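For reference, the structures are reproduced in the following blocks.
Consider the two complexes below, in which chain A is the common component and chain B and chain C are the respective partners.
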Partner chain A sequence: MEGSASEKPALDAKSEVTNQLIDFQWKLGMAVSSDSCRSLKYPYVAVMLKVADHSGQVKNKSFEMTIPQFQNFYRQFKEIAAVIETV
Partner chain B sequence: MAGELEGGKSLSGLLSGLAQDAFHGHPGITEELLRSQLYPEVSPEEFRPFLAKMRGILKSIASADMDFNQLEAFLTAQTKKQGGVTTDQAAVISKFWKSHKTKIRESLVNQSRWENGLRGLSWRVDGKSQSRYSGQIHTPVAIIELEFGKHGQVFGIAFLPAQRGKPSCKDTSSSC
Partner chain C sequence: MLLDLSEEHREHLAFLPQVDSAVVAEFGRIAVEFLRRGSNAKIYEGAARKLNVSSDTVQHGVEGLTYLLTESSKLMISELDFQDSVFVLGFSEELNKLLLQLYLDNRKEIRTILNELAPDLPTYHSLEWRLDVQLASRSLRQQIKPTVTFKLHLNHNGEHNTKVLQTDPATLLHLVQQLEQALEEMKTNHCRRVVRNIK
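Up next is the complex of A and B:
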């Protein structure tokens, strides 16, 4: 997972685009078996974000990360937390 | 000719082709392509069951995510049974699994992931922001752009830390 700034367009902070984070739930799961692989043994972190869009409507967004992806995710948030302290 | 099928030389290529088709989702690897490229002297009628057998063996190994002990036992059993594999072929299969196991497993895990995967994360911290819809000024705010899934869907979130710089917030009674 790419973490830092890239050639992508600059983040748009317009209120129509950005949802406000209300809640963050997580789950650590272990996929044991699937139709494509009987012996899967795959740990993952599932996240459920509860956000409010510009109109105030609340919606949920869920996604999944592998452990290395989660470690990168966590590292990014630690960096955000450190920066936000200094602002 | 049956003799062509027994050797190990072309088998490595065959297993690669099978893996590309069965695990990595590579399109266009047909039975005819594999036969004509790797076993041109073998007739299609003879090739078909051979291919099916090799595909079955590879899928069994991958599905069980066999470690090297299990692999040895499995392949030994295959060499002993009627219509199984030769020792040469077993050696080629063993070598193939050892070098491709990680990549195949990764593809299988991806096939079992149906939720949005997180492909990318970008962020920015703003010192001060004001929304057209709320008169309040929040300082500071972190804006995070999450890129999901296979088709690059982008999802932006803003979060405002509570006092002392900690991100909000599980407590629904506080205003976030």
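Up next is the complex of A and C:
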């Protein structure tokens, strides 16, 4: 999932039907102040996905999660990994 | 400035002298209502039956009247110019006076409606902001990087859009300086002169 996005992404057979994940970037931040609340201590995980559709067009999708949301997110992947082991 | 009425337009308006002035006044009211809310073909049919003419004739009459009013309002022509423009239609003194009164009474409102037809860019609705400190990313751990995140709320053609933007404090300061500079421009002699002359 490394590599620059300036080259056309290499698509495989399944990308005819679904979109393909090109890149998964994340960052951990802490919100310290906002227009509605001046003093915050709010950690969050921000994820930026790069996805290519069947024509090769790359779209960016970003979203944020609170720590509990992220832990749930992480748990999903742990479960997926566990199931894959059994296949 | 005189209005230049086309052949077709004059034909449509030629229906007006054939009915009472009360009917013309009613057509005027319908024309303005259609400008406010959109046209309603059923009204034409009802009027056509009462006046014993075709629905098309009524429609053309009302549309001709609407066009006369919107063109006059658009150009903001003077009373005298309106009277002279209408004079060429050869209507009675009474009808001319009625049309002039319709124009003067509704001009302001019609101009307000026409103003809304100008192309619309997205306009500012509100701005939410958040000051974050980035502590780690996939490529670099142990960071302390301040960033500012904005959610810009915009209105466009009645729809509400949001745009999420992010920047660092230095760029934000630069942005604020640029905006302040733009506001300062209003105080220059050149801008003051232009604004004074428009007022």
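Everything that follows uses one rule, which is that the second predicted complex is superposed on the first by the 69 of 87 C-alpha atoms of A that agree within 3 Å, B and C clash if a C-alpha of one lies under 4 Å from a C-alpha of the other, contacts with A are read in each partner's own complex, and residues count from 1 in each chain.
Basically, contacts are C-beta pairs under 8 Å (C-beta built on N, C-alpha and C of every residue); 3 or more make two chains touch, one makes a residue touch a chain.
Quantities reported herein were computed from a predicted structural model and do not represent experimental measurements.
Legend: residue contacts after superposition of the two complexes on their common chain; A:Q20 is shown touching chain B, with no touch to chain C.
In the superposition on chain A, contact of A:S39 is made with chain B only, not with chain C. Shared-chain residue A:M30: touches chain C; no touch with chain B.
Contact with neither chain B nor chain C is seen for A:V58 once the two complexes are overlaid on the shared chain. In the superposed model, A:I67 lies in contact with neither chain B nor chain C.
Once chain A of one complex is fitted onto chain A of the other, the partner contacts of A:Q76 are limited to chain B, with no touch recorded for chain C. Chain A is touched at more residues by one of its partners, and among chain B and chain C that partner is B.
Note: residues 24, 31, 34, 36, 62 of chain A belong to the chain B contact set and to the chain C contact set alike, using the contact criterion stated above. If you check the complex, the residues on chain A that touch chain B are 1-6, 8, 11-13, 15, 17-24, 31, 34, 36-42, 44, 46, 49, 51, 54, 61-66, 69, 72-73, 76-77, 79-81, 83-85, 87. Contact residues of chain B toward chain A in the complex are 62-65, 105, 108-109, 111-113, 115-127, 129, 131-133, 139-140, 142-146, 148, 155-161, 165-170, 172, 176. Those residues of chain C that touch chain A in the shared complex are 127-138, 147, 164.
Listing the residues of chain A that touch chain C in their complex gives 24-36, 43, 62.
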